[in-house]
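Next come the structures, one after another.
Next come two complexes built around chain A: one with chain B, the other with chain C.
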Partner chain A sequence: MKKYVQIMSLEWKNAIIYRTDTALSALFSVFTVVLAYLLWSAVFGSREIVDGFTLPQMVTYYLLSKIVSPFSQGGGIQNEFSDEIKSGAYSKYIVKPISPLGYFVFASFARMILPVLLNTIVMAIAMISFPQYFLALHPAIIITAIPVLLLSGILSMLIDYLIAMSTFKLTDISFIYILKNIFTMLLSGGLIPLNMLLGDKIAMWSPFSYIIYYPVMLCMGKTNISIFTAIGVISVWIAILILVARFVQHLAPKAFEGVGI
Partner chain B sequence: MKNIRHTFNVILTLAKMQVSKSMIYRYSFWGAFLCDTSMFLIQLLIFKVIAQDGHIGSWNVYHLTVFIGTYMALDGLYMATYFFGLIELPWKIRSGNLDLIIIKPVSTLFYAAFSSLNLGSILQFITGLIVVFYGAVKLHVFYVPHIIQFIIIFTLMYVLMFLLMLCIRCLSFWMTKINSFAMLEDTLIDFSFKLPSPAIRGGWRIVLFAVLPYGLMANMPSEAIFGEFSIRKWCLCIGVVAFFSLLAFVLWKFGRCHYDSASS
Partner chain C sequence: MIIETNNLTKEFKYFEKPEGLKGSVQSLFKRETKIKTALSDFTFSAHEGEFIGLMGANGAGKTTLFKMLTGIIHPTSGDVSVSGYIPAKGEVAFKKSFAVVMGQKSQLWWDLPASDSLLLNKAIYEIPDKQYRDNVKYFVKLFDAQKYLSVPVRKLSLGERMKFELINSLLHAPKILFLDEPTIGLDAVAQRQIREMLKTAGRERGITMLLTSHYTEDLLELTKRCIVLRSGQKIYDGDMNHLLSQYTTDSTIHIEFSTQKTLPTIPHINIEQQNGYVFSIRTPQDKISIVLQELLSLGDVNDLTVSDDDVTLLVERVFKDEVLCQ
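And now, the complex of A and B:
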């Protein structure tokens, strides 16, 4: 476990080197909320409620979804992993006592957590400065959403890991990542609340619903699915993906010659 | 004139070489097209979902279709031509690699901007135009005067995008890192291309139509094809392009004077 803590520590040190970029990225995330406000005020017009949302609820939805969105987009480590497979540098995972899956999950987690924290600070300032545009949130409910967020982060990392491992078969997978990010944003409710897209019958068994939509709706107190059901569903998905990942990890070295692809 | 023809010939030769190169990586070529097209189709789907009574402000779904099509076409055209050349410019300035362009017997700016063509994006440009065509036919506004207006304003916006990108990259002549400006640019492009004109109100109209004119990009050509294009809008578009042409010219000229090769 100590070596994985070390991996996270190294990732944070790297992130601090580029702290200005990370901080500015968080600062510019406010534009997403302004965009949501302008667009949705035009949609609401004189109406009070649209698909169960008031305007402050809708703006708060986008604010919260922006905070948790790094969980759906990965930390960029998948590209590095893919390059390592292509160049032959993947050998280090074979010869060293370190699991590629463990490395991937801990390094991705370290990269995801910093933007989430910075986004939270910036958005909290926005909420405190302009309370009239947002729904008042209860800190106790937000805390209950943290386990779901952590699990959904792991789920997202496992999907990224499986795509990275497909480099063993497909040499160039960069566009698969982009496509994955586009569709994950859509299916996880990052672009629009899922109830508007799929109706009230939310795809309860879809793993993507729990990456953004469910945690955000939970924080807003607008979901009927209990937190235990949510944790149960995500855990099942995580277990399935871990099994697939371990199977792929077992097969992969057989196709790998250590000199790159 | 001879110089322009010479530069054009060089760029054409580079384009031919890049087509051959992109055909080696066919999957990436089609993959990029698939990604871009999916992104725009999803945006269109979202507009259709959020336009509750079929409208966002005064625009209906077909107006929004034209808006998305214009965004797609503009994005495809600048990605195909100058985008990749201009985003490499800060690195070329910082590393001194601009020297290799300055010594070439072609226009430095045009070579730097147009030497990294990405012709795969032409497919996105064509798809965007087809989407615009579809929306315009459904709105019954597909008339020759509207199309001419659209082409002129679209060209102006293509030039404006070039000027805005160039202004930001020229800062590299004086600053070591311009990442924060590039990030602001990315945010504003994303912001403006998702915001149809009826949703831009109050002070935001001044910000997005004049100060940081990214809001004009897809909205103005769309309004031109709808036929709702007043003299005021013509003046706004031409005035903004003229102002940023002057600014880009000054920044490039002074930047070149300030450039001291590999040590800059």
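And now, the complex of A and C:
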């Protein structure tokens, strides 16, 4: 376990080196919320409610979804992993006593958690400074959403891992990433609340719903799905994905030709 | 024996694509699969503490052999045992028994000081605190790298980076070190330093080393035994100097006279340069004493040197030779 803690520590040290980049990206995320406010103000017009959302609720939805969005983006490690497979650098996971899945999950987690924390600080300042534009949130509810968020982060990492591992078969997977990013943004509720798009029933069983939509709705107190049901559904998806990931990891060395080294 | 292989063979499948756009479109529907044998029936064994050089032109099968010995790729057929383990099984104890350093693939974290990469390896190999401290102290001193420990890797020179690549790989006290082109791209001074340090580390720690390098000096200085591969086949396994002596055919005599001379007709010589005072003459090695006698009999000799062919030229001959010299 120490080795994976060390990996996280190195990822954080690396991120601190690029602190300006990290801080600026958090700062600019505020503009997305401002844009969402302007857009939805036009959509709401004189209406009080659209699909069960008031304007402050909708803006709060975007703000919270922006905070947790790093969980659906993987911090770029999937591209690095894919490149390592293509260039032969993946051999380091074969010659060293380290699991590629473990490395991927912990490095991804380390990369996700920093922007989430920074986004939280920036967004909290925005909420406190302009309370009239947002829904008041209860800290106790937000705390209950943390386990769901952590599990959804793991779920997202496993999806990314499997896509990265498909490089063994497909060599170039950039198109899969483009598709994955589009579908994840759409199906996780990053673009628009899922109930507007799919209705609650489909959203409940989809793994993507738990990456952004569900945690955000939970924080806003706007979901009928209990936290235990949510944790149960995510856990089942995680268990399935871990089984597939381990199977792929078992097959991978046989397909690896170490081209490039 | 710490390493043993028996009829080790590796075949790769590949596709051939006709040239041009038409060929690219055709290959979408129909591809011709071909098989390339990268290594064929390779049998060898290595004793503990031995330094072995692998020689061969690009594509001879050296790196393929390394990949099979380290478990990166699986053999098509044949047996391989390293430290008593089958590499393809990828057991943790096996992975802890060796280290690989590839001159063209860095294992260090680019933006962080090398000391952070060392800490990661400490955690990966579960090196006890005391062993880690002692080994860092020993290798950092040996490689004269103390002042660079806290410098980000991207700011180090190639030679300094390679020192840390080696320190990083030796920290967990591997029994075997696979070195693939460890001095590639380094200047002559850095190459010599790395060679000296490897020699000392290998001798003092009893490490078995397998080395590939296109720099003949690396092979000559570090290894006594060499294995020559050509097109995936082993063509020589034995003493490095003995191999090179078989290919040393000519010597060059450089002679300087204090007065102007005209050389008489001497059989078996080829005059490469002359200006009346200084002559550069090539002659077969078995005729050298006769030629020297003739030259010295002319008198007024100011300076005389005899040199064998450049070792790089010899290696080129070894690679090109069509005759198996085993």
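One rule holds for everything that comes next: the second predicted complex is superposed on the first by the 256 of 261 C-alpha atoms of A that agree within 3 Å, B and C clash if a C-alpha of one lies under 4 Å from a C-alpha of the other, contacts with A are read in each partner's own complex, and residues count from 1 in each chain.
Here is the rule we use: a residue touches a chain if its C-beta (ideal position, glycine included) is under 8 Å from a C-beta of that chain, and two chains touch if they have at least 3 such contacts.
If you're wondering where the values come from, they're calculated on a predicted model, not measured in any experiment.
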Q. With the two structures laid over each other on chain A, which partner does A:F183 touch: chain B (first), chain C (second), both, or neither?
A. first
Q.
Going by the contact rule set out at the top, does A:A89 touch chain B (first), chain C (second), both, or neither?
A. second
Q | Touching partner for A:V43 - first (chain B), second (chain C), both, neither | A | first
Q.
Let me test your reading of the model: by the given contact rule, A:P97 touches which partner, first (chain B), second (chain C), both or neither?
A. second
(Q) For A:T20 in the superposed arrangement: first (chain B), second (chain C), both or neither? (A) first
Q.
Tell me the contact category for A:F28 with respect to chain B and chain C: first, second, both or neither.
A. first
Q. Which holds for A:L191: it touches chain B only (first), chain C only (second), both, or neither?
A. first
Q: Name the chain, either chain B or chain C, that contacts more residues of chain A.
A: B
(Q) Is A:F175 touching anything from chain B or chain C once the two structures are fitted on A? First, second, both or neither. (A) first
Q: Using the superposition on A, tell me which residues of chain A are in contact with chain B and, in the other complex, with chain C.
A: none
Q | Footprint of chain C on chain A - complex, ascending | A | 2-3, 5-7, 10, 13-14, 17-18, 88-89, 91-92, 94-98, 253-254, 256-258, 261
Q: Give every residue of chain B touching chain A within the complex, in rising order.
A: 25, 27-28, 31-32, 34-35, 38-39, 42, 46, 49-52, 56-57, 179-180, 183-184, 187-188, 191, 194-196, 198-201, 204
Q. Can you name the residues of chain A that touch chain B in the complex?
A. 20-21, 24-25, 28, 31-32, 34-35, 38-43, 45, 47, 50-51, 170, 172, 174-176, 178-179, 182-183, 186, 191-192, 196-197
Q) In the complex formed with chain A, which residues of chain C make contact? A) 12, 63, 67, 70-74, 88, 90, 92, 95-96, 98-100, 102, 104-105, 107, 109, 111-112, 116, 119-120, 122-126, 152, 180
